[in-house]
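Below you'll find the structure, written out as structure tokens, and then a few comments.
Chain lettering (A, B and C) follows the sequence in which the chains are written, and residue indices restart at 1 in each chain.
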Amino acid sequence: MDKFRMLFQHFQSSSESVMNGVCLLLAVVTVKLYSSFDFNCPCLERYNALYGLGLLLTPPLALFLCGLLANRQSVVLVEEWRRPPGHRRKDPGIIRYMCSSVLQRALAAPLVWVLLALLDGKCFVCAFSNSVDPGKFQDLANMTPSQMQLFLAKVPCKEDELVKDSPARKAVSRYLRCLSQAIGWSVTLLLIVLAFLARCLRPCFDQTVFLQRRYWSNYVDLEQKLFDETCCEHARDFAHRCVLHFFASMQSEMRARALRWEGHARG
Amino acid sequence: MDKFRMLFQHFQSSSESVMNGVCLLLAVVTVKLYSSFDFNCPCLERYNALYGLGLLLTPPLALFLCGLLANRQSVVLVEEWRRPPGHRRKDPGIIRYMCSSVLQRALAAPLVWVLLALLDGKCFVCAFSNSVDPGKFQDLANMTPSQMQLFLAKVPCKEDELVKDSPARKAVSRYLRCLSQAIGWSVTLLLIVLAFLARCLRPCFDQTVFLQRRYWSNYVDLEQKLFDETCCEHARDFAHRCVLHFFASMQSEMRARALRWEGHARG
Amino acid sequence: MDKFRMLFQHFQSSSESVMNGVCLLLAVVTVKLYSSFDFNCPCLERYNALYGLGLLLTPPLALFLCGLLANRQSVVLVEEWRRPPGHRRKDPGIIRYMCSSVLQRALAAPLVWVLLALLDGKCFVCAFSNSVDPGKFQDLANMTPSQMQLFLAKVPCKEDELVKDSPARKAVSRYLRCLSQAIGWSVTLLLIVLAFLARCLRPCFDQTVFLQRRYWSNYVDLEQKLFDETCCEHARDFAHRCVLHFFASMQSEMRARALRWEGHARG
């Protein structure tokens, strides 16, 4: 239990590491979720793009909000923003610092989903199979436009009768997955370059201001935790006194009644 | 054992975290339950919708009631509501606060079930395969209405002779699962947005009132726990004295009887 | 828990070992990533080289930047470079030493990817199948140049109708994979020889200077960690005093109010 409490205290003292842990956990959950999700394209001309893009963008939105919800700092941030001024000066820089750190952590899981989906390519194939330029594929030359649309809508369903074992289906699917992976890797690279610049070039600029903001953002978090703990202890203390008071008054009442009863008995 | 007791005390002091744990546990149990449940649609025209909707809605109802049962606060809430007024003023706000926190935790597991069922899609396909608009599928064009109804009722059973390897069955099933997943993701997104607004925008409004209600809701819970504990100690104390008294009187009686017996023996 | 803390302290005290661990972890992740990545060549003349070379070079670039990001020392390095001079003399040798140690660790994962890709050969076959000299293969002699280009573009897709079971495809593919593996093994050998020379011949030169630089690089890292820890403790201390002050003032206020209330009751 001492171990547990020390672990707890360690987590309490460095809230950032917990948040990093939560953020990592959400990312891992995202990977699990994506790999266990049963993707099935409707293969109907009108619904393909809707389903594909919906699955590419809706879960990340949900994960982003989950990331904000799971992060204790996002509540601390709003409270710091709305608190009455008091003696401690309100610094918009601290709020900006907290905001950016919350956003960074909340964006991790959605980006993992989007990149996974792009590198996997199924969503992309489903969403854009109808928008492919048929001129690129020799196998599609001898089709009427309506046949072509029906064929392209069926591209994501490789089990369908119409497109089974068709080399044209494979060519279109290969091309789209290639494009999807290329976009995925480009976005990954771009993000990593951005993160690298933000992390490694920051010390070149306002390092002191940055350290001060980090200190105060930590302080705000700690103050709130200590307030909660002290409230809890205060309530327990108060309840303890109330309950003891009740028992004491009950015993004195019982003694009084006992005396009265003895008086009756003697009288 | 000391570790265990301290862990227990820690949990007793912060009742909210226990309730969150119980709520999480119920959600995990729900996932296990759903994944181990063997769903089999009757594939009979009249029973399909009943079975599908029943499985979508009955277990969540049971889980909701389980959530209320497992939550200690739901009992505390009713007791706080019915207690005699006494010195501490009865605040309907505290009861509202407790009620909302109990409901939130009880709703977690049912929502997990409903969302799992929607994202999985089996229940939805079983419930609504008969209500599909046949105009959307070219493969269904050359059927009489009665044939169509029979065919649509068999859609959820892919092993059935009538629909085995039928591309029309696959198309209808794909369409319905798509719809089910779309509804599932929309509901998820809606719920997360609501939770986000409730959590992150609350500090913008009555933060002081909220903190006070939280304090008193904690207090009510703690008072009851301490009362129970003190009752237990008091009862043990009382019983201890009674038992000692019995033994003391028995010994004195035995001594008296022994004296009397000695008197008889001498007399 | 004590064990956990000691492990933690060990990691904190010897930052180099953590960095080696992170570097190893990234390399393992790279292997996993490569083996789970679904490589599919587009088999279109214009896109083959782009896709193959992109997959050979983009992920290593991303991994290199990841390696720099994951390494705490790369931030420490920039901060040491930009710090105001103060009493401790700025030694460009220390910065060089840190820079080289950071680069070495960041290069591990990208090299693992490149070598894996070369030894596996798929990327290489996809990238260079169009640039093969057709004169080397007798089976390709009786083709027109445009047919040849189409054929060579389809070499990486062994399931394609055009090249299925074609001995010419197998010959070209075998030749390219051979070349790829030869390059891979040569690069491996070269790197190992370089690492061997750098590690084993260094003690022959400026050993004292090297040890001093290592000492100071460790010192810079530890100074920063201790600064962070002390900041955290300071903030907690401050918050503790503030919260206690709030409760104390609240209680004195309540006492004053109680006195006033008693005064009213008596008056």
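The rule is simple: contacts are C-beta pairs under 8 Å (C-beta built on N, C-alpha and C of every residue); 3 or more make two chains touch, one makes a residue touch a chain.
Just so it is clear, the structure is predicted and the values come from calculations on it, not from any experiment.
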{"item": "Taking each chain's C-alpha mean as its centre, the one farthest from chain C", "value": "B"}
{"item": "Per-chain CA centroid nearest to the all-protein CA mean", "value": "A"}
{"item": "Separation of mean Cα positions, chain B and chain A [Å, integer]", "value": "24"}
{"item": "Approximate Å spacing (C-alpha centroids) for the pair chain B, chain C", "value": "44"}
{"item": "Numbers and ranges of chain A residues touching at least 2 other chains", "value": "2, 4"}
{"item": "Complex interface listing, chain C residues touching chain A", "value": "1-2, 4-5, 37-38, 40-44, 47, 50-51, 54-55, 58-59, 61-62, 65-66, 68-69, 74-75, 78-79, 81-83, 157, 159-162, 231-236, 238-240, 242-244, 246-247"}
{"item": "Chain C partner contacts - residues on chain A that touch it in the complex", "value": "2-4, 6-7, 10, 13-14, 119-121, 136, 167, 170-171, 174-175, 177-178, 181-182, 185-186, 188-189, 192-193, 195-196, 199-201, 203-204, 207, 211, 214-215, 218-219, 222-223, 226-227, 230, 234"}
